[in-house]
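Labels for the chains are A, B, C and D, by order of writing; each one numbers its residues from 1.
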Amino acid sequence: MTMEKLIKKAYVESVEGRRQGDKIKEVKEIQKYILNAKNIVVPNKTKEKVKAINEVLEKFGIQKAKHLKFYTDACDLNRTPAISKALMALDIVDCDLVIARGRLGVPGSGSMLVIMDSKGRILSAALSPPHIIHKKSVEKAVKDEMTTALKRIGLNEKHES
Amino acid sequence: MTMEKLIKKAYVESVEGRRQGDKIKEVKEIQKYILNAKNIVVPNKTKEKVKAINEVLEKFGIQKAKHLKFYTDACDLNRTPAISKALMALDIVDCDLVIARGRLGVPGSGSMLVIMDSKGRILSAALSPPHIIHKKSVEKAVKDEMTTALKRIGLNEKHES
Amino acid sequence: MTMEKLIKKAYVESVEGRRQGDKIKEVKEIQKYILNAKNIVVPNKTKEKVKAINEVLEKFGIQKAKHLKFYTDACDLNRTPAISKALMALDIVDCDLVIARGRLGVPGSGSMLVIMDSKGRILSAALSPPHIIHKKSVEKAVKDEMTTALKRIGLNEKHES
Amino acid sequence: MTMEKLIKKAYVESVEGRRQGDKIKEVKEIQKYILNAKNIVVPNKTKEKVKAINEVLEKFGIQKAKHLKFYTDACDLNRTPAISKALMALDIVDCDLVIARGRLGVPGSGSMLVIMDSKGRILSAALSPPHIIHKKSVEKAVKDEMTTALKRIGLNEKHES
């Protein structure tokens, strides 16, 4: 079944009051979409985060992402900066998948990494505390978020024993 | 400084390209807002999640939340169900703070607990994998999310040694 | 130039503070997208509005829209019901273009007809006062909105003299 | 009844499938909110549009708006620039009402003037074609939009006979 058909079925279940939570075939469809993505972009001012993201994608057997260098600061004047950054990438390039990292909400609310499909739908995400609280390097924080965002929807590193 | 002034300053830093990440005074302002909230609501069809949330709030010395019983299923026909559920609560009642739990994105994408202020701004959040993956009880998942959402912005349980 | 390239250029102009308003080639790109759409859907509980919309589309030489019968009431528990209805249609079917009609904002705020592309971007729209104020038939209101939404971006009826 | 109670009632009607369109008391509540607003802001880079808006507000017996001078260009890298501009104003100042004018959707889609309350809810709006199509002066376009946005929800100029 396509993503659209699965979503339609889930929406009908919600309206009719008989939705019981996420289904395994919905999770599998998200996995399939991410594993099959051919054209993945990461909008960002600088290259470093893209490198960190690509190290994780490779471990999971996912296509490497391209850096979409752009003025992403503008997305911070917004209530959901990370989600807005992902949508902005969709607006300006053709791609299968966007991986965007930015602030979760208001200044001080920490960061969010979001995985979005070609229609602007959110497939997965991960959060980090504000940097001044977690004290991790940005590189480590981005890798942890990317890993969490994939693992939480059941994806695994290829050579995990 | 008020939340509005801090946000304005942060926005100016972003536009002028000199924003360096969340600041400790921004995080403190979020903490203060949550600790001082007098009227907290949790929109939900049933009472169970409200009970789990209140057990956590109490440990952190935060005002107990009221159950806003409502037709929250409608929010699932949406790209960001948890965020939409929080906004819907704001639309229909007066309150300081909304704590809403719902789906993160598309069906299969797992859940999000979001903490929103009286203007609809996101202060913190936490995510869980889809239930069929984590296998936790809903009660445990909600408590873990509520705890994570508070700890990630530097709040702590009152009697923690 | 593709829509994506035009949008990217416009975004750069905005960030660099030299954007001067909409350009004729941007408007032409929107026109071309709408005139070339092959698969247009109108999400709605009933058929009547689809019929009214199709009468207008035909006059403008645009492909007829298909009725996407669905539970669109859920979109009314939302801050931008018409826009949410269009996005919901994108979530559940594959299409080039969505034309959705719903409430503009809060209850009492009147209606909006929105034209959205396959990525969820708004191409045009039109508004009507609340029905109790304009007293037009729904059919007449929908036709007027559809006509206005097309004319405001420079499209014209085919046999207009 | 307060705005919140009216919205709650309307949401229940929608979920239960018995909503019949906007009600006169909902429209009256919007009117009352706008007529009683004490602190109105207009976010904009320059003063000219604020002046045009205030000339119209005065004719309708509404409190004059203050200019919120800010970097509003950032809101154009967004799918709903006018709505985002209004929300950005709410983020950075305390006010009863925001009147924001910006682009409706994608570059080329023309403009939108939106009236938003203190919680971020849309009360009314008006649209204009892209400037290169209507050829009106910006001042005239803004005045026409402001007038339309008020008249469509039943407000009238004070000395109209």
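The rule is short, and it goes like this: a contact is a pair of C-beta atoms (placed from the backbone, for glycine too) under 8 Å apart; a residue touches a chain by one contact, two chains touch by 3 or more.
Keep in mind it's a predicted model, so treat the numbers as computed, not measured.
In this assembly, the chain whose C-alpha centre lies farthest from subunit D is A. Between the CA-based centres of subunit C and subunit D the separation comes to 20 Å, rounded to the whole angstrom.
In this assembly, the C-alpha centroid of subunit A lies 29 Å from the C-alpha centroid of subunit C. The geometric centre of subunit A is 34 Å away from that of subunit D, both derived from CA atoms. Of all residues in subunit A, those that touch two or more other chains are 7, 11, 14-15, 71, 73-74, 77, 79, 87-88, 91, 106, 120-121.
The touch graph of these protein chains is complete, with an edge between every pair of chains. Considering their complex, residues 71, 73-79, 84, 87-88, 91, 106 of subunit C touch subunit B. Contact residues on subunit C toward subunit D in their complex (touch as defined above): 3, 6-7, 10-11, 14-15, 17, 19, 21-24, 26-30, 73-74, 76-77, 79-80, 83, 103-110, 112, 117, 120-133, 151-154. On subunit D, the positions that touch subunit B within their shared complex are 2, 4-5, 7-8, 11-12, 14-15, 70-71, 74, 87-88, 90-94, 118-121.
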